[in-house]
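Down below are the structures I want you to see.
Look for chain A in each of the two complexes below; its partner is chain B in the first and chain C in the second.
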Partner chain A sequence: MALRTEELILNMGPQHPSTHGVLRLIVTLDGENIVDAQPDIGYLHSSVEKMMEARTYLQNIALVDRGMDYLTAMSNEEVWVLAVERLAKIEVPERAKSIRTIMLELQRISSHLIWWGTFGIDLGAFTAFLWAMRERERIMDLFEASTGGRLHHVYFRIGGVNEDLPEGWTDRVAEFCDYFLARLPEYDDLITGNPIFQARTKGVGVLPLSTAIAMGASGPVARASGLSYDVRKAHPYEVYDRVSFDIPVRTAGDCFARYEVRMEEMRQSVRIIRQCLEHLPAGEIRSKVQVALKVPKGEVYARTESPRGDLGIYLVGDGSDKPYRVKIRAPAFSNLYALTEMMKGWKVADVIAILGSIDIVLSDVDR
Partner chain B sequence: MSTDPKAIPRSTVMPLDRALEVIDALPGGGAVLTKVEDVLNWGRAASVWPLTFGLACCAIEMMQFMATRFDADRVGIIPRGTPRQADCIIVAGRATIKIAPIVRRLWEQMPEPKYVVSMGSCATCGGPFYYDNYSILKGIDQVIPVDVYVPGCPPRPEALYEGFLKLQEKIRKEPFLRRRIAAAAQAGS
Partner chain C sequence: MSVQPAETDGKKGLVEQAWQAAVGLVVGLKSTLRTMFEPKATVIYPLEKINVSNRWHGLLALPIDPETDNDKCIICFQCERVCPDRCIHIEATGKGKDRVLTRFDIEMDKCCYCGLCVEVCPTEAIVFVPHYEASTYNRANLLYDLDDLHRAAPKEPIATGVVKVRRQVGGTR
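And now, the complex of A and B:
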């Protein structure tokens, strides 16, 4: 006689040690197997898009830092100023472009470090978190020296950057690059080669390429499924068309592939930073732009590659000093919808591993 | 600091509190209790265990505060994953109207005595999300009582450190046994 079973609904979050913020997952279980996993979002909805309509273009730089993905303040500033510059047709000096690229890549490393550390905690390796935070603190020092802020910088300006780099800063960055590259093999020894880690991530949470594309996944999540697409290559901005770097792509589509892609991306970021430091042009850091900038009537879509994927802003200007409408295309939002597909059929113990591997930031999802 | 017995719910008054009431009534009992209280407070202040509950940006600085460079462990601050084991909740980041009942429930699930640290401008008053906003709560103190406010957007880990040192100061001076005795007396009457 077959055993009669019932489905069990398990609520994870919004307060859970491993949900990376205030995500609630409604997991339907059949025994230990996941039948369905539905994310419940909106716990951090900050009405940023609406608030932006009431602020000037300059004020909004401070808002996108906080309101969008808080781990990558620079990427948010970048996509915002890029949209405004394209609509208002403002030229950016070469030096500012290089500085921006350095900052963006440092931000990518710091964001991936947070992911690496928390992914370690999720899978039971607390050392990873302490090591990642140690390196991240050095990046915070670099940011603090140049921008004055640790987490929210408000450093990019429409038409350039706020201040020039302080003296000796480039040497410190070069020193950090050497230091960081020497740490990465240690990371591999600790986590990547760990048999327990591999057993929990290899072959787990597979996202097929077709599903990844259908769900609009981007960034490392899509690249781990075999989609060789990176906005930095496909639609270059700043100086990405002049530096050489590789886009790491894996075809397995599992948690380990996503892990590998991000680890390789950190190495590529160091490569980009080094090239930018080598060819850092002298000159102006900001073109003349009035504070109460009036952007002409029209619409524009700007996209950048944030550490989480394809981050876009659709901006409609109405000729005034405030935007008429702003729509943010958040990468974490699309990646979250691929999560349901990744989770189906796996065990309840894999939920945390799969969730950690997509590097979710709820501020980016909810905005 | 009040010895308001209303601060402690009647249901949490334990037999031990009644025993304390008896000791307090004995000659010289009050002086003994004060010494005991000092020792207990010294212990409590050196082991403030916060709940790992991050809301937004400030949670990253909170993580940094507990990680390598700032190392909150050395003053006895060890993050706990469940409200049942926590003494204190750090409201790190902006609280939306949707999350407010959950913060309240987490606070209610924590055992007495419990404390609240409001970290950052958003948790304190709404911060940068005060104006033109329809979804953010204008200060977590509308939902739960706050002991320490840490200003900043986000506050540096050092600022959070300072906040915790202030909280420890408060705990050391707290007449918490007296409060329990008063609650026991009220529950018994």
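And now, the complex of A and C:
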């Protein structure tokens, strides 16, 4: 007598602790094997794009800060001010450009640290989270000293940054760079070299290059699949065309490759910060821009490399002090698209490993 | 559909895997053990408090200017206009030199601590206070009126001062 089996539909989330927010995964299971996994999003939808139409260009800096990816507030500010500056043709002083680059790279490290810690928790290593938070706390302190905020800074302004760096801040950043580079080998000891970790990530959740491109994956997810594309190199903004750094690329496309890419990115970020600190020009930090800035009619698309990938803003101005239309291209949203392809054929225990490896923030997915 | 990794065959693979896992565990534990003897990174919060930076986006206040014994607000409505959350409400009466503030309310529950009001203020009348404990049991306490904002000003030393909010009505908690 043949055993009668049927597929089981399992709802993971939206309150599952390992779905990194409020993501609902509708997983179709055949025994323990995943037949299909469909992400159901929208639980954190806050209609940021619409809200931006009712706020002036300056006020929107405060909105993109928290309305989009809340772990990388300054990356959001960057793409917004970049779009407005390009449309209104506003020059940014050199010092402000360097300060912005330092902030963005610190933000990248802090975001990757959160990912590293939560990825560890997802796979059962609790120490990783505590360590990551310890290092991140130092970055938060640096942010607090210069911008006044820890998560939501509202530091970038159209045409520069809000305040100049406080005294001794650059030394503290340099100190942090040394401290952080000394810590990274410990991370490798704890997690990277761990055979249990490797067994759970190596070869798991492979995303082939062609699928990654077809699904619009970007950032570390695409680079782990062998796509050598980084907005900082392809379409340089701020001072990225003047600093030397490498884009880590892996071809395996599995969870471990994505892990390796992010670990290497943190090292490269330290490299960028050090170069910026060395060549930090003196002078103005902000060009004169009126509070109720009126942006001329027209449209522009600005793209930046946020820690999660290719973050873009399409901005349509209608000559008034408020944007006519804003469209945000969120990297986490596109990366989540590729999730279904990564999940198929794996066991239910791998769901969390694969989901953790793409590093989504639901606030960025839903916007 | 992606391909599953080949199952490690036989008992030998299992033993080897277990050995590797044990070695990995020891290496990892060595790192954690080293951290155990380092100074503590945590602060026992209500007993110990961390000083915030002087740029801290904390509570808002209208500091009293000792020269005039009043705040420096010139009633230009710039902060009210720039506020993204529209949480500042200002009213004034009189003309010219007799112009006085009759209402300066900040709904701190709506405030997003962006600091745009502090930035646009031409006289530095509205400032941030390096203070972060504003939670109350009653939402009405978070409507700061002119008196509250005057008292919240850094006239009192921050280290000992708890920002006074509006008195509780009828002892509700």
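In this text, the second predicted complex is superposed on the first by the 365 of 367 C-alpha atoms of A that agree within 3 Å, B and C clash if a C-alpha of one lies under 4 Å from a C-alpha of the other, contacts with A are read in each partner's own complex, and residues count from 1 in each chain.
Convention: contacts are C-beta pairs under 8 Å (C-beta built on N, C-alpha and C of every residue); 3 or more make two chains touch, one makes a residue touch a chain.
All values derive from a computational prediction rather than experimental measurement.
In the overlay built on the shared chain, the residue A:206 is in contact with chain C alone; chain B does not reach it.
By the touch criterion defined above, A:189 lies against chain C but remains apart from chain B after alignment on the C-alpha atoms of chain A. After overlaying the two complexes on the shared chain, residue contacts for A:63 are found with chain B and with chain C alike. Of the two partner chains placed by the overlay, chain B and chain C both lie in contact with A:137. After overlaying the two complexes on the shared chain, residue contacts for A:163 are found with chain C alone; chain B is out of touch.
Touch criterion met: A:15 reaches chain B, while chain C stays clear of it.
Applying the stated contact rule after C-alpha superposition, one finds that A:43 touches chain B and leaves chain C untouched.
Within the superposed three-chain arrangement, the count of touched residues of chain A is higher for C, of the candidates chain B and chain C.
Of the two partner chains placed around the shared chain by superposition, chain B and chain C are both touched by A:152. For the contact definition in use here, the residues of chain A common to its chain B contact set and its chain C contact set are 55, 62-63, 66, 131, 134, 137, 152. Note for the complex: chain B touches chain A at residues 51-57, 59-61, 63-64, 67-69, 81, 83, 93-94, 96, 98-99, 102, 106, 128-129, 131-136, 153-154, 156. Here chain A touches chain B in the complex through residues 14-15, 17, 21-22, 42-47, 50-51, 53-55, 62-63, 66-67, 70-71, 114, 117, 129-131, 133-134, 136-137, 140, 150-152, 362-363, going by the rule given at the top. Residue ranges of chain C in contact with chain A, taken from their complex: 1-5, 17, 20-21, 23-25, 27-28, 30-32, 34-35, 41, 52-53, 55-57, 78, 82-84, 112-116, 119-120, 128.
Every residue of chain A that touches chain C in the complex is listed here, in rising order: 55-56, 58-63, 65-66, 125, 127, 131, 134, 137, 141, 144-149, 152, 154, 162-163, 166, 186, 189-191, 193-197, 199, 202-206, 291, 342, 344-346.
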